[in-house]
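Report on one structure; see the data block that follows.
Each chain carries a letter (A, B, C and D) given by its place in the written order, and its residues are counted from 1.
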Amino acid sequence: MISVAIMGVGRMGSIHARNIATNPRLRLKYVVDQNGDAARQLAHELAAVPATMAQVLGDSDIKGVFVTSSTSTHLDLTLACLRAGKAVFCEKPLDLDLAKIQVSATELSAATSSLFVAFNRRFDPHFQKLKARIAAGDIGTLESLHIVNHDPAPAAHAFIPTSGGLFKDFTIHDFDMARWLLDEKITQVFAWASCLIDPVVAELGDFDTAKLVLRCESGKLCMISNNRRSGYGYDQRIEAFGSKGAARVDNVFKSAVSVWGKDGMLADQFPFAFMHRYADAYRAEVDHFADVLTGVTLPATGYQASVDSLILAEAAATSAKTGAPVNL
Amino acid sequence: MISVAIMGVGRMGSIHARNIATNPRLRLKYVVDQNGDAARQLAHELAAVPATMAQVLGDSDIKGVFVTSSTSTHLDLTLACLRAGKAVFCEKPLDLDLAKIQVSATELSAATSSLFVAFNRRFDPHFQKLKARIAAGDIGTLESLHIVNHDPAPAAHAFIPTSGGLFKDFTIHDFDMARWLLDEKITQVFAWASCLIDPVVAELGDFDTAKLVLRCESGKLCMISNNRRSGYGYDQRIEAFGSKGAARVDNVFKSAVSVWGKDGMLADQFPFAFMHRYADAYRAEVDHFADVLTGVTLPATGYQASVDSLILAEAAATSAKTGAPVNL
Amino acid sequence: MISVAIMGVGRMGSIHARNIATNPRLRLKYVVDQNGDAARQLAHELAAVPATMAQVLGDSDIKGVFVTSSTSTHLDLTLACLRAGKAVFCEKPLDLDLAKIQVSATELSAATSSLFVAFNRRFDPHFQKLKARIAAGDIGTLESLHIVNHDPAPAAHAFIPTSGGLFKDFTIHDFDMARWLLDEKITQVFAWASCLIDPVVAELGDFDTAKLVLRCESGKLCMISNNRRSGYGYDQRIEAFGSKGAARVDNVFKSAVSVWGKDGMLADQFPFAFMHRYADAYRAEVDHFADVLTGVTLPATGYQASVDSLILAEAAATSAKTGAPVNL
Amino acid sequence: MISVAIMGVGRMGSIHARNIATNPRLRLKYVVDQNGDAARQLAHELAAVPATMAQVLGDSDIKGVFVTSSTSTHLDLTLACLRAGKAVFCEKPLDLDLAKIQVSATELSAATSSLFVAFNRRFDPHFQKLKARIAAGDIGTLESLHIVNHDPAPAAHAFIPTSGGLFKDFTIHDFDMARWLLDEKITQVFAWASCLIDPVVAELGDFDTAKLVLRCESGKLCMISNNRRSGYGYDQRIEAFGSKGAARVDNVFKSAVSVWGKDGMLADQFPFAFMHRYADAYRAEVDHFADVLTGVTLPATGYQASVDSLILAEAAATSAKTGAPVNL
């Protein structure tokens, strides 16, 4: 078993910590958190030890560190861990500020074998099967994509100013999916965004509804739909259209139960939150990091994927502001 | 255009009359009904002439007659028309009394080219496609069938004593489907039936819920489920299991619309009544009769199919009464 | 029965003529076509009379005329019929040239009770139910729409130069759906279009793949996807997202049959062509015209709907050319 | 953490052992198996200790024992563990021989708080939701059930003579589901069974295809379909029909991916094996046993459920042999 530590055990950190605890190849040795009680409690639950960052960096037994603290600390902690010779599982994003990341471009891009920035959707078994079907030629040559990414309910107002805005916080997943599936450089971005759900979001300078179109040099196109409050659960769909046909990932239902009554057939709900819809993906990305730590594979996504997605997010923000497409 | 007449324009007769009126090969010349007003009104609507049975039988221009009067008159009218040299489209069943039919066995079975007893489900495009898939070998060798036939809401109490009972009135369709799809003699019938919906049905000596198993000499099996009040519409499904896989006809929805809300995904209703679910089949069977009249084909179902289904229905009634399987 | 005539019995004209023939309120009296043989043959089949335009216009028995000739003749024939006091069912579009239509703006816009320009999708029972669900408040306030409109297989090259281009020929339906469902003025149009299917289409100055975004003053948004060759049938879907949930019209399958085998569950195909997918809509629009002729209702769509859709199509063409959104 | 041991680590034992290892409340201390290598290997993988039965029974730290050895040893091991004061998780069935179980009836039926016989389907989240919907009155009063239980591919010939036959080995799950959902004593059993798949099965005195009907005193009915080789995966469905509507558990697909091509829409496969379809149920039943060990709940199923199902299985075998229903 390989010893790892985790830094930051808020909502996402706890999910990852529990997945580490049940991964047969990893041993969670240390839990670090500003909030000492949180660290102690989770460490106790998972048979780990609450620790400081210095302890983690100084323990040569620790091969990998999960950086799952608040977004603004990701970059510094990641760099500190890399410098201490640890492989890093950094919860996405590396940072919300592209310029700040690029300051450390040389150092970060050199870490191809030790820096994994976790874009969870690449590890979703449904999207992986979609990718495999496209790769197998089942739909011929891929020509366009439709991505629907709708949140069940709006985020708290307090979160918005620190979120980076809709495109960096939320659409960022769709940009990464688009790049992964299109497998070609995206050269133009167009975005229209509105505040239809909550006027406070507009006052805070953000959007709650957006439709985007991405374009590649070859003319391939991708449509993205975002919405911060669907009213019906977490809507996560991708359709891929090709020269021979199409493939899609439909929503996953909470169960295979339906009830037939006088008003029609009521299928079950969609999962209400990302931690349920992507539970398998979160487990799989921890396992991917175990592969990275054992030298089985290189990280699927690191510095470059982070930068690429952020560039698209910044372009989208500019397009939504100016009302014109942005060329990359 | 071939001139035809219709005898009996109640609920089923009206459906057929309107389908004749829109069939490009048929001309509805006469409408006959005990109820003169009903005959006059429908004749007026469809540019036909109200007439007596004698007029119909005496007009050599009339090549075919639709016998769609009340069940107890089917057999006599059919025989009269056949003797007058007319082809007959007889709404199922020929009669509820097997013995009564068998009295005219020689005459009826000789009419292979002119007597069509309309078992509508054989003309349903969904069931026809199922039959075609089985015939094409898509599921290998057929081994067993599941038929679900649930009515949306119970029939009127007044109808029950004249209906022939659940098995002759309702399951009769399933027996015909089983014979058509199994394509092998059914040698044993088992039925358990209950009154779970309405105690008056029991007082009238009938059942409202039944589960049957049919068995062929080769061991092939067929399960049938009947219910007089589904609560959710007209449930019409068939599944066929074979050596390589399975094929099914699922329910047809009223529309392709679904609504996604906090309780889940609400698909539309199933059709509430046979005239909607089988509208295409009713049109197709009128067209089949046009084929028969023009010599393009022999009737798909006539005396033999009627007798075969009735024998199964009587066996089921016996089984439900005695609690033991019946050998045929 | 109300007497009507039809002018032009090519592919669309024949569909309408047959639907007139089976409509209980309409009598097809005259068939007019440049191609005398085509007119004679269809007239014979449907018990009508081949005629000249002059005969039609001069017969006071004729209350309505179906203008289903080639697109370039729609406007002149429509005007001639209106001037002769006939109500007109004009197959969409009135004309491909907005300026040409606007020359007769006064005359055409005055014909609110007698000019029906047939936008078939408004009569599709699925889309009508979607509209009804939105109107009933089932999804709260409508916020955005997704329309997928993919053709099964590309049009003939010869058709392209006279088609008006992708936006006027094909997307025009989606523009009308967007206006009908959004029920609010669309103020901005953005379109990216590519030639991914057939380079000849590009040489002819047209596109075969397009993604559009429409925007209303309130910020409501609509995405449209077009494709001239899906590879899997005629893909016709609309999703509506609102403040309480969503509603969608999914594709209609050719049948309710599926086959379960070792590779998965194969549901049936989607309809391969518009005349099958929209067969009910074509019948319903003929019936709507019977309502118009009997004074039961005003035409659902006429001059204004034609102009509105054309304006959106021209804006889309401009946007696709310049790469910038167009303000209306 | 509560210390437990496992006896028998073949296919089912390994599944349970791994679920124990990831259960946060249980600690797998000992692994016992006749095959010392198997015990050592799994113990090593899961940080447990290979041991003998005597060690397990003699260690007062051990509160619960998983009896997952071969079926013929279940009863003796279970009794030994109970006598040593251990709670027992016994993989179903307790024994194939009803008479043998009944010899220890007093002792076994007294162990209501310490004997859990694991009927996995009761822990499937889909079936649990079905049960909850019925309990909530969503379908009114339950009237009948349809259970489909088809295996993907036949068992090895060598397994058949020791399996107890189709009804005790396979249908046993359906009997338990029927009892659990009907929640009423089943008073009659009818079964027709065939060998349609493999004649060797017949030579070995068993069946590969069966259709059963169960009946309660109130007239409620249950149909069961069994098949040892579906050709399309592991078909696991239940439909419940009630006075207000119906509810069903449909098959679960391997993924939400479908491919649309010229032949139709190909949805993904059904899971091919029980360990995939019921992976969640296996985890949940281990967690249920942790509840039992901590006194949170009594075992959901023990002696009585085992006996009840076996009685139904024996009745079915008799019915299939005699061709007549069996009264209980």
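In this text, a residue touches a chain if its C-beta (ideal position, glycine included) is under 8 Å from a C-beta of that chain, and two chains touch if they have at least 3 such contacts.
Just so you know, these numbers come straight off a predicted model, no measurement behind them.
Asker: If every chain is reduced to the average of its C-alpha atoms, which one ends up farthest from chain D?
Answerer: The chain farthest from chain D, judged by C-alpha centres, is C.
Asker: Could you compare the number of C-beta pairs in contact for A-B with that for A-C and name the larger?
Answerer: Counting C-beta pairs in contact for A-B and A-C gives the edge to A-C.
Asker: How far is the middle of chain A from the middle of chain C, if each middle is the mean of its Cα atoms, in Å?
Answerer: Here chain A and chain C have centroids separated by 42 Å.
Asker: In angstrom, rounded to a whole number, how far apart do the mean CA points of chain B and chain C lie?
Answerer: 39
Asker: Can you check how far apart chain A and chain B are, centre to centre, with Cα atoms defining each centre and the answer in Å?
Answerer: The separation of the two C-alpha centroids amounts to 57 Å.
Asker: Provide the list of chain C residues touching at least two other chains, using ranges where the numbers run on.
Answerer: Answer for chain C, listing residues that touch two or more other chains: 139, 230-232, 244-246, 260-262, 268.
Asker: Spell out the residues on chain A that touch chain D in their complex, using ranges where they run on.
Answerer: So the residues of chain A in touch with chain D come to 21-22, 24, 45, 125-126, 129-130, 133, 138-139, 244-252, 255-262, 268.
Asker: What part of chain D is in contact with chain C in the complex they form?
Answerer: Residues 230-233, 253, 260-270 of chain D touch chain C in their complex.
Asker: For the complex, which residues does chain C have touching chain A?
Answerer: 139-140, 143-144, 146, 148, 150, 188, 190, 192, 194-197, 209-211, 213, 215, 218-221, 223, 225, 227, 229-232, 235, 241-246, 323-325
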